[in-house]
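The chains carry the letters A, B and C, assigned in the order they are written, with residues numbered from 1 in each.
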Amino acid sequence: MRNIYALNEYEVLRSDRCDTCGVCVKQCGYGVHYFDENHRLCVDEMKCVNCQRCVVFCHAHALKIIRNRNEMHHNDYWSERERKEIYKQATQSGILLSSMGSSQKQKCYFDHLMLNASQVTNPSIDPLREPMETKVFLGKKTRDVSRDENGKLILKDEAYLKLDVPILFSAMSLGAISYPAHKSILEAAKECNTYYNAGEGGLHPDFFKDKEHVIVQVASGRFGIEKKVLDACAAVEIKIGQGAKPGIGGHLPSNKNTEIVAKTRMIQQGSEAISPAPHHDIYSIEDLHQLVMLIKEATHYTKPVIVKVAAVHNISAITSGIARSGADIICIDGYRGGSGAAPTRIRDHVGIPIELAIASVDERLREEGLRDQVSLIASGGIRNSADVVKAIALGADAVSIGTAALVALGCHLCQNCHSGICNWGIATQREDLCARLNPQIGKQALVNLIRSWTYEIREIMGGMGINSIESLKGNRLMLAAVDLNEKECEILKVRYAGE
Amino acid sequence: MQVSKMKINCENLTARKINEAIMQSSEKIVCENCCGQRYIGAASSGKTIEIEGISGNDCGGLLDGSTLILKGNAQEGLGDTMNAGKIIVHGHCGDICAYGMRGGKIFIRDYIGVRGGIHMKEYGDSKPLLMIGETAGACLGEYLAGGTIIVLNRRDELDPVENVGVGQHGGVIYVRIASSDERNYEDVVDGSEIEAEISEFCEIFKMDKEKLLHSKYRRLLPETKNPYQGYYCMN
Amino acid sequence: MKREGEVRIPAGCAIAAIFSKDGHLVDGSRIITMIQTMHERSNGLGGGFVGYDIYPEYQDDYAIHMFFDDLTAKRTFESELFDKFKVFKYEEIPTRQNPGVVSSPLIWRYFVLPLEQRTMKEEENFMVATMLDINERIEGAYCFSMGKNMGVFKGVGYPEDLGDFYMLEKYQATCWIAHGRYPTNTPGWWGGAHPFSLLDMALVHNGEISSYDTNRKMLEMVGYKCSLQTDTEAIAYMIDDLTRHHGFTLEECAHILAAPFWSEIEKMEDGQKNYYTYLRKNFADYLICGPFSIIVGFKDGIMALNDRCKLRSLVMAENESTLYLASEESAIRALKEDVDKISCIRASEAVIYKRGEKHA
């Protein structure tokens, strides 16, 4: 039944500067703005998701979108949100579906960690004058040194990834986001010498030629995975879980399974693309080993295998199992990680913060002597360069960014990706909307972002007197805690500020 | 002219060594004394590989066009994420065969374990076929998105499958109905629809196809391409 | 106040060395002269020396140098030592009164060999494990030197005062290395002074490294325990791990600790490029960031190394018979020796001498 209790979430305010040019009508894929039969410009506020497209495109600056000022009876426990969600389920029935990462107000540990800088006892380094290295290798380290009969070192190496910056792009499938968004990210990855992750929807044939910068994902649905795709990448990622929905599979609704998506996933157009919750060939850790080794056999041991897991309660034991499975890189996705669609309750309540996960995983892998056998990628809510530095100081080798990259492409975080309508041309497969994202401009925005963050990382490192990012890895002396309790400091292995 | 077969003695060889030897061998290969080595023929194309002994898990994983002939039984993960080619098993097969299979054919003479043919899918001309001589364990064809699964039920069992086709949203499953089974099934066809498949199967295993052709089969088609519509509520 | 091991204490320093290339012996007064010249670089809170080939009559025995807070610690230590080792000689290390050196612990030395026969490698591992275990376990006992035919002499005070206290003029060595410490704070614990020594390796270091925690965590993963929390200890363990466990030469070791920048590596020809890339990729957490100059002594050899940016001063000079190293040229000039050439050691440059051959 129709949600008879539904209220408009937003008010769309139009000032008298409006010259009724109609740009807002053209720009809004939701049909909020429309001309009535008398050619009067009208608003259907019920449809507005506050994506800000019309506001940004209004040349007269006549539009403003604000939260509905109407107040329900105040109750701190039964918040408006709680009540509205009940209305939805009572009328429409079903699992509540949301998009992007958790929007809940929960403690962010990054914000409680302060960074260090050199004063007197050792010098800070000026990145404008001295080399400042942000190059990172991801993969197993070869620690058993061997020599030929002349005593010369044998330079044998495991397969690895080489990045100029400690930032990769997170896995987002073609389906969850659009072709031009994929194209923008791949082109930016090439320019910044890092990696684009095709996500679980397979790799579009257009991108096969850029294999040096591509990571493909083997997820439970096995979409678009075959030998030629495995040959067209630099690394293969086995997706076990993602931060936004640990333990949950994925359902790409049929309306998003367009021709281009079907081609990439190698499935019939218009059918639902279902990724089961688990890999049905992985019911135990030794089965993961089996899949890791199958991929290695299929790629003749030339590519590192990444295993991506969501940060959950037992994450340190899980990662130590993964490290022993033959995987070269482990990506840990915190609960703030984004998603094109995730059950609201799962998104907001399952998993643990990435900061605590990385700290405990790094510690555990070291205790077990496995830390040099795997590299760690931290993801899930990395917002800026300071977060990157903190994640690395907590023990990550690199981070990956998804939401931040989409924001750079114009995403305004209306968190309505599951609707399939994205006025910014990102989380949509509608051709008219996709056409709004120019991959050239998108690429440049991402390159600018990565470049800016890299400059900032170099400044922060310089201040610490560190000129190689490898010397920042797990360097928790560079972090100090504020407003954290003893237990939190113990898990993060960080001293309190002033201690 | 008969191309001579290259022999690989698998005794004491690792999976990696066997696959390296296969890569360097001529088109026709016999792997002798195989005992549990995994990933044989993984992602390979253009080879015909006979396997004597017991092949290990993930045999023919990501197979890309080769033909594998298993003289013994198969273990778990046969033809995992297989793309093209053919796998023939002269015996039975363990769990999770044909997982995520997108093309090619798998013929199992006897029965298979649980979770066979999960999430098989098709695109364009690429349509996978999983054909089982006897019975299948639970969860056969779960989330089936494309391709064909046929259970021949040669021993005429009353319930040759259980819990079949859950979440099916594409493809088709045929299950031969035992002659003693008098239950009413919704969609019943005879073997003519799958005559080509039955013929190929019987040719491989030297069986009489007439009885199978003239039997009744339950046919399972997806009720909808979108089985989970209505499961969600937009928030 | 917390001592080294309970708290991390940054320190600046002076370092100096005399290395006899032809094996002639030099008495300890010479190295005291050098380190005294750089008096301003220390603040009286620590100093020390190491001499090689100083115990010719016990050259095949491990010379264990011990600090004891009290007699109980000494008795506990000795009862364990006599259980596991054949002790050829033990005595109090001779000292003389010096007004600059106060509240010294009991200082003893023992010339020993393990009772149980082992391969060389196993015996070395046994020695390191036993002595580190004693330091951790026996309250008030601290082993600060354990090599063969060599010995560390260190304490709290200015280095020249400590040299006088230990009567170093009475020792003849083929190699002397000295250290004057300028810690930001110290509880005045003798064990915290430098050199830091492990088997026959002894290391002095000037500077504060910013990669400490990264290096430490890697070391602890492979089994070391950084109980002093000092840079010197971490660097010594890294050199020990790289040379003894991974079999790297000192030169390769230097290429890991002070690796060239990527911008330099990219300009190299392929062979060199692959070599440095291999080392940097696989041993990244052995890289030392931040300012350091180190001098490492070992049997029949010496190595000096500067950081990648040349953030600390280090000067070398040599003549036919001798190599001199010091934080400042004045320390070398003060010896009034004729030297053929005198030069500043460049960033990442490893100066390595083995008796009879030059490697650098």
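Just so we're on the same page, a residue touches a chain if its C-beta (ideal position, glycine included) is under 8 Å from a C-beta of that chain, and two chains touch if they have at least 3 such contacts.
Just so it is clear, the structure is predicted and the values come from calculations on it, not from any experiment.
Ranked by C-beta contact pairs, the top pair of chains is A-B. Seen from the C-alpha centroid of subunit A, the farthest chain centroid is that of C. Averaged C-alpha coordinates give centres for subunit B and subunit C that are 67 Å from one another.
The distance from the centre of subunit A to the centre of subunit C, each centre being the mean of the chain's C-alpha atoms, comes to 47 Å. Inter-chain centre distance (subunit A to subunit B, centres taken as mean C-alpha positions): 37 Å. Interface residues of subunit A facing subunit B in the complex, by the touch rule stated above, are 85, 88-89, 92-98, 218, 220-223, 225-228, 230, 251, 253-254, 262-263, 265-268, 270-274, 276, 280-281, 290-291, 293-295, 297-299, 301, 343-344, 418-419. Residues of subunit A touching subunit C in their complex: 118, 121-123, 125, 130-131, 133, 135, 137, 141-143, 145, 147, 153, 155, 157, 160, 366-367, 369, 371-372, 464-468, 470-478.
Within the complex, the subunit B residues that touch subunit A are 15-16, 19, 38-39, 42-43, 45, 57-58, 61-62, 64, 76-77, 80-81, 83, 96, 99-100, 102, 115, 118-119, 121-124, 126, 139, 142-143, 145-146, 167, 169-170, 225-235. Contacts from subunit C toward subunit A in the complex involve residues 8, 10-12, 184, 207-215, 217-218, 220-222, 246-248, 252, 259, 261-263, 274-275, 278, 280-285, 287-291, 308-309, 311.
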